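Chains here go by letter, A, B, C, D and E, matching the order in which they are written, and residues are numbered from 1 within each.
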Amino acid sequence: LSGSGFILSGFGFILNGSGFILNGYAFADQNSDSSQGKVISCKIGTWKTAQTIQPFFYDKFVPRGLKTEVLHFTNPGDQKTALLAGELDMCGTTLAHAIHSASRGQPVVVVAALCNKCSALVAREGGDLSTVSDLKGKKIGYVPGTMHEILLRETLVRNGLSPERDVLLTRVDFFDMGMALAGKGIDAFLSGEPFPSLAVLKGYGKIISYPYYGESIGTINAGMLVRKETIKENPQLVHDLVLAHAMATRYLLANQKEWLEKSSTFGVPLDVLEKAASNMELAWEMDELFISQARALGERMEALGVIKKQPDYESLFNLEFVEKVKKELE
Amino acid sequence: MNDRLIPWVLPFTVFLLWFLSSEMEIVPLYLFPHPFEVAQSGWSYIFGKIGDEPYAGRFVYDLAASCTRISLGFGLAVMTALPLGLMSGRNRFVHRLLGTSVDGLRAVPGITWLPLAMVWFGIGIKTTVFLVGMAAFFPIYLNSATGAREVDPLLLQAGAMMGVNRFNAVFRILIPAAMPSIVTGLRLGLGISWAYLVLGELTGVPNGLGAIIMDARMVGRTDIIVVGIFLVSVIGRLSDLLLKLLLRFCFKNAL
Amino acid sequence: MNDRLIPWVLPFTVFLLWFLSSEMEIVPLYLFPHPFEVAQSGWSYIFGKIGDEPYAGRFVYDLAASCTRISLGFGLAVMTALPLGLMSGRNRFVHRLLGTSVDGLRAVPGITWLPLAMVWFGIGIKTTVFLVGMAAFFPIYLNSATGAREVDPLLLQAGAMMGVNRFNAVFRILIPAAMPSIVTGLRLGLGISWAYLVLGELTGVPNGLGAIIMDARMVGRTDIIVVGIFLVSVIGRLSDLLLKLLLRFCFKNAL
Amino acid sequence: MLCDKNVFLGVENLGKQFPGNGTPLTVLENINFEAEDGEVISIVGRSGCGKSTLLKILAGFLKPDSGSVFFKGSRVHRPGPDRCVVFQEDALFPWLTAGENIAFGLKRQIRDGSRIEREVDRFLDLMGLSQFRDYLPREISGGMKQRVALARVLILNPEILLMDEPFAALDAQTREEMQELLLELWGQFSHTIVFVTHDVGEAVAISDRVIVMDKNPGRIKDVINIELERPRRREDVNFMRFYSRLYKLLRD
Amino acid sequence: MLCDKNVFLGVENLGKQFPGNGTPLTVLENINFEAEDGEVISIVGRSGCGKSTLLKILAGFLKPDSGSVFFKGSRVHRPGPDRCVVFQEDALFPWLTAGENIAFGLKRQIRDGSRIEREVDRFLDLMGLSQFRDYLPREISGGMKQRVALARVLILNPEILLMDEPFAALDAQTREEMQELLLELWGQFSHTIVFVTHDVGEAVAISDRVIVMDKNPGRIKDVINIELERPRRREDVNFMRFYSRLYKLLRD
C-alpha cells in the first residue's frame, strides 16, 4: 500500500485522539443483557427506499429496553462493511450481495427476507421496443455484480438473446439509469423501483417485462443480514429484531397508505410510489423454496464468474428465527 | 458597466440560457427541470415547514451539520498539511520522506477511502471528517511546500539575527512570507472540502447538504440536485470570502 | 541512510504495520484483507488470464482506457484553465468576471455534475472527460492566476521593448515566469483528475481503473479496492513524475 | 512649439502625474529637450525626481499626461526594439541562459538560426562573456548580468539606447570598466544614448550633454554641454571643473 | 596564535571554500584582524573578493572551513542580536509596516508594549521617518528602506553593527546624508561597526581603519589607518590623499 502511512496515521491519531469529542455516540451502545432493565440501543442499516423501509418502524415493535437507530446507505457494499466492522447489528442486503460475501468466507447470515420483486425492464417510451426480443442490437444499462445484472441476463437468455453477442450491455450507475434512458444514452435498462415507475410516470419509459421466473430465481430480492457472532453471542437480540421486522412488515402490508406516505418522505413523489407499489413486495418470511431460489441465483452468479465458488447455503441462511417468530405470531 | 455587476454577468447568462431552453423545451423538462420548479423546491427546502414535503425545511439543520463537519475536516487538514508542507518546502529530508507518498496518495479517489475509513473509524462523524480532511490535505500541503521553498533565505537570516528562534521564525517569517501560496492552497482546500462533503456524508450520517444531494440523486430528484449545486456554490463562495477576510485580517500581505 | 531509500520508509512502515496487524488478526481478515491476499488479487488482476476470476487480466485494458480519458480530461482542463487563469491573474476585468463564479463552482461536489453532464453530453466518454476535466480545472485556474498575478511587470516591459507582441509575450514571458505556481497547479490538477476518474467512470463506460474500483465497492471486494488504491497511487505518482519531467524539459526554471 | 520633423528625438512639454493619496503627485512638469542622432545625453538628479519615469515615457511604457515624445518625426506610442532600455533593476529572464537572453530579441526579428548563433557569439565575445554562455542569470555576478542586459539590447541595433542607472550596483572598478566598454561600443555602433545616473563622475565621463533635473516637481534645472575630448581622464583639470559644477548644481 | 581573551572582536586564520564545479573555490584565505570596542572598520575590495562572505561568517550565518571568530572571548556560532547585520539587499519584511519592521526585533526581547512603542517612536524620529510609520516597504523609496533597515537593528542596541554595502543603491547625495546619519548615531551609541563597501570615498569618510582585500583567493592585502579628525570634509587635502592611496591599492 503505497505510503498511505504518515498522513493516514496522522489523521487517525488525531481523530482517535480527539475521540472524546467526536465519539459522542459511536461506542456507547454495544449490546449487553437486555434483561437488566436499562435501555440498550442497536443500529440497523438500510436503504432509504420504499421496499427496504421496515427498519424505520422497528421501534414500534421492539420489546421495552431496546431501542433502534437506523442508518441509511446507498450501497450494499458499504453496509456490509459497516456490519462486519461491528458498526451495525443488522442491515439490509441484496441476496446477490449476501451470496457474494458468504462465498468469500465472510461470517454473515441472512436471518429474514426484506423484500421481493422490485425489478423491471424498462425501454424508452415511443421507441420501437415492445418485447424483450426487440432488444437485439440495443444498448442496455446495468450495474455489474448486482441482482439486476443476473436477472437481466436471465431474461435475455430466456428470450433467445445472447448477452454477449446480441445486445450491448453498458455500465450505468443505478441512479443514472433514468437520465441515461431519457437522454437516449441507452435504449433500455433493468433496475429496481422506483426508477422504472419514475420513468413511466415522467413519460420517457415503459416497462416491457418483469424479470421473475418462478422455477428458478423467482422474485427474491433482499434480506436482513447479521454477523455470525451476533447469533452466537446474543441470539435474543437477533430474535427481537426479527420479530420487530416481521411485525413491521405485517403492519406496513396492512397499512399501505402509511407505508407509501412514509416512503415518500424519502423524496420519491407519492404517485410514483403508488404506481410502483404493485411491483414491490415487503417480506420477512423465508422457507426452503426461498433458499432454493437463492441457490439458483448463486449458480447463475458462478456461471457468470461473479463468484468463484458456491457459499455454504446452510450457514448463510438461518431459518430458525423466522420460524420461531412465525410460531409466536400465530 | 458598473464594476459591482460584472461578477453577475456569467451566472445571469447561464440562468437566461437555462430559462429559455426550459421555456422552449429544448431539453425535455423531465430531464432537466424548469428554473421555476427548482426555485420552488429550493424555497421549500429552505423556508418550508418540515413534513410538508420530502425535503421541506431541512436546510438550516443540514447547513449546521455540514458546517460543523467541514470546519472539523478542514481544520484537521490545515493542522496537518500546513506544518508538513512547510517542513517539506524547507527541509530536503522531509521532502524526500513524504514527497513520493503524498504524490501517490493525491491520485487516489476519495471514495475508495470510504470502506477503509469505515474499518478504521467506524461510521459517523469521524469518517466524514477524515474524508473531508483527506481531500483538503493535498492542495494545502503542495501549495505551502511551494510557498515555503521560495521564501527568500535573507528574510530568515534577518530574523535569526534579530533573535528569533527557529520555532518563532515559522510564525513570524516563514508563514507570512509564504502567504500568497498558502492562501491559494487554503482556498483550494476549502473548496474541495465542500466538494468532498457528499462523500463524507454518503454513509452513516442522517443529515447535511452532502447527504441531501446523495438522497436526491438516489431518488432521481434533479430539481433538488440543482438546488444543492446552487446552495453549495453560494455557501462555498461565502466560506471562501470568509477565509480570505480572515487571512487578510491576520496577515496583511495575504492577497 | 541511503538517500534513495528515504521515500520508501513510509510505504514500508505502513506495509509492515498492515502485515503485522493482519498476521496477528487485530482487524479480522474478512474485514481488511491480508497483504498476501491483496497481492494475489493484484497479481491476478494484472497478469491473470481473462475469465479465470472476476477481475483477472483486465488491468492493461483498464489502464489504457483510463489513461486515454485522463489525458483528454486533463488536456481539456489545461487548455481552458491555463489561459483563463493567466488572464484572470493579469486582467482585473476577467478576474471580476470569472472570480465569483469559479470560486462558487469550486465547492460543488463532482458527483452532482453527473446528471447535468449526462443531459449535456449523453453517457459515454464525453461525460467522463467532462468530469475529469472539471476536477482538474480549479487547481490549474487558481494557481496559474496566482502565478500570473505575481510576475514582475519589468519582465513583460523588457519583452515588449525587445519586440515581443502581446500574444508571444504569453508564451515567452508570462508562462515561464509564472511557472513554479503553474507547475503546482498542474500537479494538483493531474492528481485530482485521477481521483475523479471513479466519478467519470461511474456511468456509461465499460472499463477503466475507476470503473473497477466502483464495481469492487458495489460488491464489497475490499481486496480489489486496495489493489485499486495501490495501482492508482503508483500510476498517479508516475504520471506526476512524467509531468514534472516534461515541464522541466520545456521550461528550465520549472522546479 | 511644434516639434521639428527633422529632430531625431524630441520631448515636448512633457508632464506626468501619479495619483497619490488624495492629491495627485506631479512627477514631471514641462520637460523639453531634443537629442541628435548619435548623441550621448545624461540625466542626473536626486532620487525621486522622476528620472526613471521620464525614461519609461521615452521607452513607451508609460503614457504622459501632457505633451509628447517624437522619434524621427512620429509620436511614440508603445515600446519597440528601436528604443531599447537597460533597466535599473535586474530584468534578465531568469529561466534563460546568458546566451539565450542575448538571443531573445533577435529571435523575434530573424528566423535564421545559424545567423542568430553567430550574432550571439559575437556579442558574447564583445562583452567578454564567451565562457558564460550557458550560465543562468543567478549563476553570474552583478557586473556580468549588466553586461548581458546591455548585450541583449545592443544586438538589436536599436537607434536609441535608454539606460536607467545601469551601473549603479557595481563596484567602482567594474563600473569604470563598463563605462569604457559602453563608450567603445558607442564608438562602433554610434547609437543615441540617454543615460540616467546619479553619479556625477559617470555623467561627466560619458556624456555630450548633461540634463540636470530638479525635484518636486521634476523639471529641467539646467543643461550642461561637456566639451571635453574623448577619451576623458578623471584626473584632468577640465574633468574636475565639470564635475564640481555639476556637483554644485545638484547640491543646491 | 591563540586569540587574546581581551580582544573585543577577533578573526583568526579564517578560511572559507565553496564547492565549485569540480574543484572547490577558495573564497577566503588566512584572514586575521582584530577590532576594538567602538571602532569603525571598513572592508573594501573588488566585487567577488569575499566581503559579503566574511561578513556572513562574522554574523554567524556561515561556518568557516578553518579558523574562527571570537567575540568578547567566546567563539561565534550562530546569529544573535548582539551582532546585527544591515544587508546589501533589501531584507525588510514586506508584510510589516516601517514601524512594525523596526519593532520586530525588540518584541523578541521585551514584552512591555508601551515601551516598545516609545522606542520605535524614538528611532523613527531619529531617522526622520515619523511620517512613514504605517507605510509598507514597497511604498517607500530606497533611501527610506535603508534607514528602516538601520533603525531595526540599532533599536536592539547591538554591540557590533555589520553593514554590507548598505548605501550602494542610493544616489550620491542621499548616500552622503546616510553616512552623516550613521556617524551621528555612532557618536551617540558608539557601536563597533564593520562596514563593507566598494566606494573608496565612503570608506575614507567613515572609518578608523580600512581593510583592503585581494581577490582570488580573498585575503587581506593591506590595512590602512585613517588618521583624520572628524567631521571629515571630502574637499580636504588629507582626505584626498587617503582616497588616492586606497584607490591605487585597489587598482593594482
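General remarks:
Note that in this section contacts are C-beta pairs under 8 Å (C-beta built on N, C-alpha and C of every residue); 3 or more make two chains touch, one makes a residue touch a chain.
Please read all numbers here as calculations on a predicted model, not as lab measurements.
Think of each touching pair as a link: the shortest run of links from chain D to chain E has 1 of them.
Path length between chain A and chain C in the touching-chain graph (shortest route): 1. Ranking all chains by how far their C-alpha centres lie from the centre of chain E, first place goes to A. The interface with the largest number of contacting C-beta pairs joins chains B-C. As a whole-number value, the distance joining the C-alpha centres of chain B and chain D reads 51 Å. Computed from the mean C-alpha positions, the centre of chain A lies at a distance of 81 Å from the centre of chain D. Averaged C-alpha coordinates give centres for chain B and chain E that are 49 Å from one another. The residues of chain A that reach two or more other chains are 2-6, 75, 77-78, 81, 85, 179, 183, listed in rising order.
The multi-chain contact residues of chain D, meaning those touching 2 or more other chains, do not exist; every residue touches at most one other chain.
Shown for chain B are the residues in touch with two or more other chains, namely 31, 97-98, 100-101, 104-105, 114-115, 119, 214, 217, 222. All chain pairs that count as touching, in label order, are A-B, A-C, B-C, B-E, C-D, D-E. Considering their complex, residues 1-6, 8-9, 75-78, 80-81, 84-85, 97, 100-101, 104-107, 143-146, 169-173, 176, 179-180, 183-186, 305-308 of chain A touch chain C. Contact residues of chain E toward chain B in the complex are 59-61, 78-81, 83-85, 87, 89, 91, 93-96, 104-105, 108-109, 136, 152-153, 156.
Against chain A, the residues of chain C that register as touching in their complex are 7-8, 10-11, 13-15, 17-18, 28, 30-31, 35, 51, 53-54, 114-115, 118-119, 122-124, 202-206, 211, 214-222, 226, 229-230, 233-234, 237. Residues 3, 6-11, 27, 31-32, 93, 96-101, 103-112, 114-116, 119, 138-139, 142-143, 146, 150, 180-181, 184, 187-188, 190-192, 194-199, 210, 213-214, 217, 220, 222, 225-226, 228-229, 232-237, 239-240 of chain C touch chain B in their complex. Contact residues of chain D toward chain E in the complex are 46-48, 141-143, 168-174, 198-200, 250-251.
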